[in-house]
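What follows is one structure encoded as structure tokens, with my remarks underneath.
The letters A, B, C, D and E name the chains in turn, as written, and every chain counts its residues from 1.
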Amino acid sequence: MLTIVACSAERKLDEAVTKERLPDLLKAPGTTVWVDLSGPIGDEAGFLTSTFHVHPLAIEDCEARRHHPKIDDYGSHLFILSHGVHPESSAREFKSRQLSAFLGPNFLVTCHRDASRSIQATLEGVRRNPRLMAEGPGMVLYRVLDYQVDLYLPLMETLQKRIDEIEKECLAASTSAILQDVFDLRKALVRLRRFSGHQREILLRLSRREFPLIDDKTAVYLRDVFDHLVRITDLADSYRELVAGALEAHLSIVSNRTNEIMRVLTVITTLFIPLTFIVGIYGMNFDMPEFHWRYGHLFVYGLMAAVAAGMYFVFRRRGIFNRR
Amino acid sequence: MLTIVACSAERKLDEAVTKERLPDLLKAPGTTVWVDLSGPIGDEAGFLTSTFHVHPLAIEDCEARRHHPKIDDYGSHLFILSHGVHPESSAREFKSRQLSAFLGPNFLVTCHRDASRSIQATLEGVRRNPRLMAEGPGMVLYRVLDYQVDLYLPLMETLQKRIDEIEKECLAASTSAILQDVFDLRKALVRLRRFSGHQREILLRLSRREFPLIDDKTAVYLRDVFDHLVRITDLADSYRELVAGALEAHLSIVSNRTNEIMRVLTVITTLFIPLTFIVGIYGMNFDMPEFHWRYGHLFVYGLMAAVAAGMYFVFRRRGIFNRR
Amino acid sequence: MLTIVACSAERKLDEAVTKERLPDLLKAPGTTVWVDLSGPIGDEAGFLTSTFHVHPLAIEDCEARRHHPKIDDYGSHLFILSHGVHPESSAREFKSRQLSAFLGPNFLVTCHRDASRSIQATLEGVRRNPRLMAEGPGMVLYRVLDYQVDLYLPLMETLQKRIDEIEKECLAASTSAILQDVFDLRKALVRLRRFSGHQREILLRLSRREFPLIDDKTAVYLRDVFDHLVRITDLADSYRELVAGALEAHLSIVSNRTNEIMRVLTVITTLFIPLTFIVGIYGMNFDMPEFHWRYGHLFVYGLMAAVAAGMYFVFRRRGIFNRR
Amino acid sequence: MLTIVACSAERKLDEAVTKERLPDLLKAPGTTVWVDLSGPIGDEAGFLTSTFHVHPLAIEDCEARRHHPKIDDYGSHLFILSHGVHPESSAREFKSRQLSAFLGPNFLVTCHRDASRSIQATLEGVRRNPRLMAEGPGMVLYRVLDYQVDLYLPLMETLQKRIDEIEKECLAASTSAILQDVFDLRKALVRLRRFSGHQREILLRLSRREFPLIDDKTAVYLRDVFDHLVRITDLADSYRELVAGALEAHLSIVSNRTNEIMRVLTVITTLFIPLTFIVGIYGMNFDMPEFHWRYGHLFVYGLMAAVAAGMYFVFRRRGIFNRR
Amino acid sequence: MLTIVACSAERKLDEAVTKERLPDLLKAPGTTVWVDLSGPIGDEAGFLTSTFHVHPLAIEDCEARRHHPKIDDYGSHLFILSHGVHPESSAREFKSRQLSAFLGPNFLVTCHRDASRSIQATLEGVRRNPRLMAEGPGMVLYRVLDYQVDLYLPLMETLQKRIDEIEKECLAASTSAILQDVFDLRKALVRLRRFSGHQREILLRLSRREFPLIDDKTAVYLRDVFDHLVRITDLADSYRELVAGALEAHLSIVSNRTNEIMRVLTVITTLFIPLTFIVGIYGMNFDMPEFHWRYGHLFVYGLMAAVAAGMYFVFRRRGIFNRR
């Protein structure tokens, strides 16, 4: 589906532009044209090439599914491939959605396979206030990228909450149930860090006036989007460190628990084993002299008490009882 | 709450400036104006924009809550967003408080939502000695940033003490109680490192004469603040390394303790189990030949002593007793 | 085996070129010559040196087996040593195959010891469409490198699948069988990362117009190959992180399992040991008073029930039963 | 305590300079002045400022106790804050001692709170050979810094020996006694690395001719000090890696020991437990048929031998006995 | 021992040069002089300084034993300190041997304390083919450095084999015997990486035309040595990663083995302990009613079978038997 919006130098918005009128509009001074292409490019590739003279390699990149964010300067136009947060992204899986943009001196072409929330929001903003578009195609691109970055924020909050939960669980339980979750979260964070890092690099290049197609005024705004992305990559790094720390703490806790349990087992087992051995001796069917003593069984009781006390003192001395 | 202070070329301080007189003062040569805005910007946004021509994006950043330290050059003014230590910061949680500043050729505007100790201290300093302000708005900014960094120092000492404690506890006890504390401390250190790192970068850029609004004399002073921040980030890095080292040592200690306990359990259990088995044999209700021997029970005692001695020698040989 | 292809300025392909005609062809304006040498260089070294004046060090590198990807600028020609994926590469072992190329102003010489899939594919493409070759030797090189990178993709998918499997196994079983596989996979990933990283660096240098022999148009295409390699090295890094994460999770799971088993052992052992001791006492062949009580054995049952209940309450209090 | 040494252009040393004569000496061409201030600056601050026009911020840094090595260019003079090894430094704790220096075109001012071995040695060298000082204040500074670095070497050797010991102990014993030492050593190494790293950076800046006050000849000598510091930081990094490696090996060894002990416990326990159960059965006071068999007890012996052999074969099959 | 070789512009080699004739030879145009000094410098220091005007600091570095590879530009000559592989280097210890070289416009001075295989080989090459030396002292230096790097290769192969062995042992056995070896290997790799890294940096600087004394032709050759060193440092990094991975796998395997053994112990112990308790009960010398039942002992057998079956089902349910 093709949406074409043009904005004249007099800040009048025109949404009834046909493909045929585009070449004339692109020649009119002060006019900004925005073409949004939703769904697969397919047959429109020819139209893009002939009208905007975009590079065939950029078209190819548009259509490919697996690409990281990138920016290419083809002289007459910039090609920007950017990744937004997919609405289904969660703390278990980070999904991204690809948005391609061709930025020329007076045109912006955006392509996306699925519905794009940032495009939708920018379009509505332009309709409400055509002045936004009269500032040139760079400012329209800024708005799209700004919306895209804003959509990272709810995900960051979801992640923050999940990490708080996982942290508590890691420090509390010694079960394995949490470990699958930790693993998934780490995977999502690796992916998020990777995509936001590339995205940040693109915005750094856009905002530091590397490309003549971006004027100084627009660069100031793109710098702001860059700052947001710095914060997101920063958070992603912190999150990874926190999750790794939680897992380490978990391992320590399990280790301590095992140690604690072993101490209980050792104390009780080693205390009773010699006693059980003694009662075993007097359970033998020999005719032992102690059986004929008057207080034979009391003697054995005393012997056992002495052995238990002896063990206790030895243990105490070797520090088995205290936790150090 | 709005505080306006002006300092004429004759080093005379004027605290009774109204908003209306500001445009005239800003035109007077040699006059330095400092406007401090405490609490939410809200309605004052218009006043800032019209009087100081600050960029709307900077106003937006002022109002946002979640931003890392940053610096933006808008040509006619610099926008600096800096983070000071929140008074409630502790070894359990690092909290920061945001301070925004607009630095122009002859004005400084500072904005902060909550009371700011650095602003308060600078204001008092200026009142006592108006000469400080006559040196220009850059030197006022220097003083604010310098106070802000000074307030990091008590926190660093609190952290140092806490780390010493944690280190001792980690090397002493094998309990899990310490692990939540270690985790919280690590979290605080990650956050502290992140904020102080960004802050340091800002002061590096301010002090290396990148911006024409900062003159050489002021840059020398800002370089000093930068050096303090280098020390703080350095310490934060060392602290993280120490905490990680303490945790590692803790794990080793727990592991060694478990090994020690296991050895005790193994030696005693494996020594007594064969003996208990022997006494069990002679507890069976068969009419065994040994029962009719004269020194049957002494024979069994001897048998058990022999088995125990044999076990002992085998253990000794296989090195169960020695710790290696 | 030597394959010589020449393409005249009129886009006519000539595959019947002999070694003798080459010097004349190389002098003809607009003619592009591609010489492909399959198998060991051996005697052809002299031919390469005399016809294309390639540097003897480059010839040496061609023949050596153990080299990482590299690029050398000898002024009159570039020497590129690149590594493609060996068809036998798997998730157990990453194997690469070396391809050397000499790029001059109007010639390309490619050398490879074994059959090369990328050379084969490029040759067929050129035969189908001679125009591809008329664009100059740089574009032929681009096509070879592009095919080489495309052949990384099936390997990346194999690795992705293997990692998913290993992840599942690591989180499921506590056996050692998986560990050899994990180790092999890590080894393959280290190797893959190393080679693709060097390859990426070469393409960065080729595409950023560092060498006058690469014109602007070709550089744009080589930039595209670079972007693909960025994705591959990125994936290789993610894969290594995922495998490391899976191994860590595996260790945690084993640790938790051991803890769980220990708790069962401890609870049952410490519950029954005192009871067994009590029954042992009354198995002694002394004439104990309890034997003459009417409900002596019921008293002992009661005693044992009391001891068991006591132990239970102590355990419950010390938290042995609950998993925390 | 103030020591003032002046060296005229004729290489004559004059140690009887009073503060009053200094301004004249500083104006005399070819004269080099060295002022050494031992102990707290206190009242001498005014003298330094008026005579050498040093920056007040540098004076402040001199007096502060907690600073990392740094270098500041104040135009008319350089301020260098460097850290030497404290004589009490050991493998348990790295202590440093601060030395400040102001380097002007014809003067050097050194300040240190405690006695300084490098200052002492340089002073004696200058007294023996006044020519050293006639080469300018930069060469005097070089000698001071060179002595300072030389004093790192005995510490490096102490550390090397300690690491060799710790390595042996880590690989030998499974006790916790070593862990406190390892922890202290790591702490000392972190600190050493931090200080020597900053020091190295200062010498890099001094030696790469960044400051006009350092002439080419002196820079060559300072480069030599830089090379020594590269070696020291290099060693510090290696040492940290070795200690970390020793700790890892220690953990593995403890883990293996625990595994070994567990195997012994398991084999003996599981072998005897069924046998003890069997003898328990025939210890019951029922009138069992086996009691009336002629070779009843031999039958039970055989039964037990069969069970033991069965267990042995099962264990052997499941690989409990062998270490793999 | 001093070896002096001179090569005239006519490519005639002269090995009978005395110290006295050197100054004249150095003035002859087109003559290349190579002086090799084997053993301690000692008295020759004066000769080097007077004849070649080398810097005293460089002489000092020559004589010092503990230096990392470095390069210093003294204007009239370069000083290169390089480390070759000591013939005694093994997988247990990496040893290096220091070689110093002074490179001037028409001379090369090499110094080494012990016999040097690279110097020997270069000398023989020059004798066989004097043309090699006629290309200038830079090419002689190239040959020495190239031989030095070639001697790394047998060591790399030794390491490769040792790593393969260690990997197998780590994945197979759970003994501590391997750990000392792993530790030594890691130490050797750390050292190898450090030296080859510094060496690589020197060759990068030599080959990127930073020094006017190295002409373009020689730089191309030195670039080749640099490429070899890239491979060696690369391999050293991979090796370290592999060893670390093998150690991690080893720990996992030991952990799994311990878990396995614990499960066997737990299952058998907890199965028999209640049964032993039951037989203990009926071993008590009370006159219990069951003794008078006709099939009393069969009842007890049934009871025990029921308890064992119950335990079995509980265990099965809680997943003690299966490995997950």
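Note that in this section a contact is a pair of C-beta atoms (placed from the backbone, for glycine too) under 8 Å apart; a residue touches a chain by one contact, two chains touch by 3 or more.
Worth saying up front: this structure is predicted, and the values here are computed from it rather than measured.
Asker: Could you tell me which chains make contact with chain A and chain C both?
Answerer: none
Asker: Over half shared numbers or under half: where do the identical copies chain B and chain D land at their interface, same or different?
Answerer: Interface between chain B and chain D is built from largely different residues.
Asker: Per the centroid of Cα atoms for each chain, what is the distance between chain C and chain D, given in Å?
Answerer: Chain centres of chain C and chain D, defined by C-alpha means, are spaced 38 Å apart.
Asker: Roughly how far is chain A from chain B, centre to centre by C-alpha average, rounded to an integer in Å?
Answerer: Each chain's C-alpha centroid was found; their separation is 23 Å.
Asker: Can you list the residues of chain E that touch 2 or more other chains?
Answerer: Within chain E, residues 251, 255, 257-258, 262, 265, 269, 273, 276, 280, 283-285, 288 contact more than one other chain.
Asker: Give the chain order around the ring, anchored at chain B and oriented so that chain D comes second.
Answerer: With chain B as the starting chain and chain D following, the sequence is B, D, E, C, A.
Asker: Residue numbers of chain B touching chain D in their complex, please.
Answerer: Its residues touching chain D are 167, 171, 220-221, 223-224, 227, 230-231, 234, 238, 241-242, 245-246, 248-249, 251-253, 255-260, 262-263, 265-266, 269-270, 273-274, 276-277, 280-281, 283-288, 318, 320, 323-324.
Asker: Could you list, by residue number, the parts of chain C that touch chain E in their complex?
Answerer: Chain C residues touching chain E: 55, 57, 60-61, 66-68, 70, 72, 74, 172-176, 179-180, 182-183, 186-187, 190-191, 194, 247, 250-251, 254-255, 257-258, 261-262, 264-265, 268-269, 272-273, 275-276, 279-280, 282-285, 288, 290-291, 296-297, 300.
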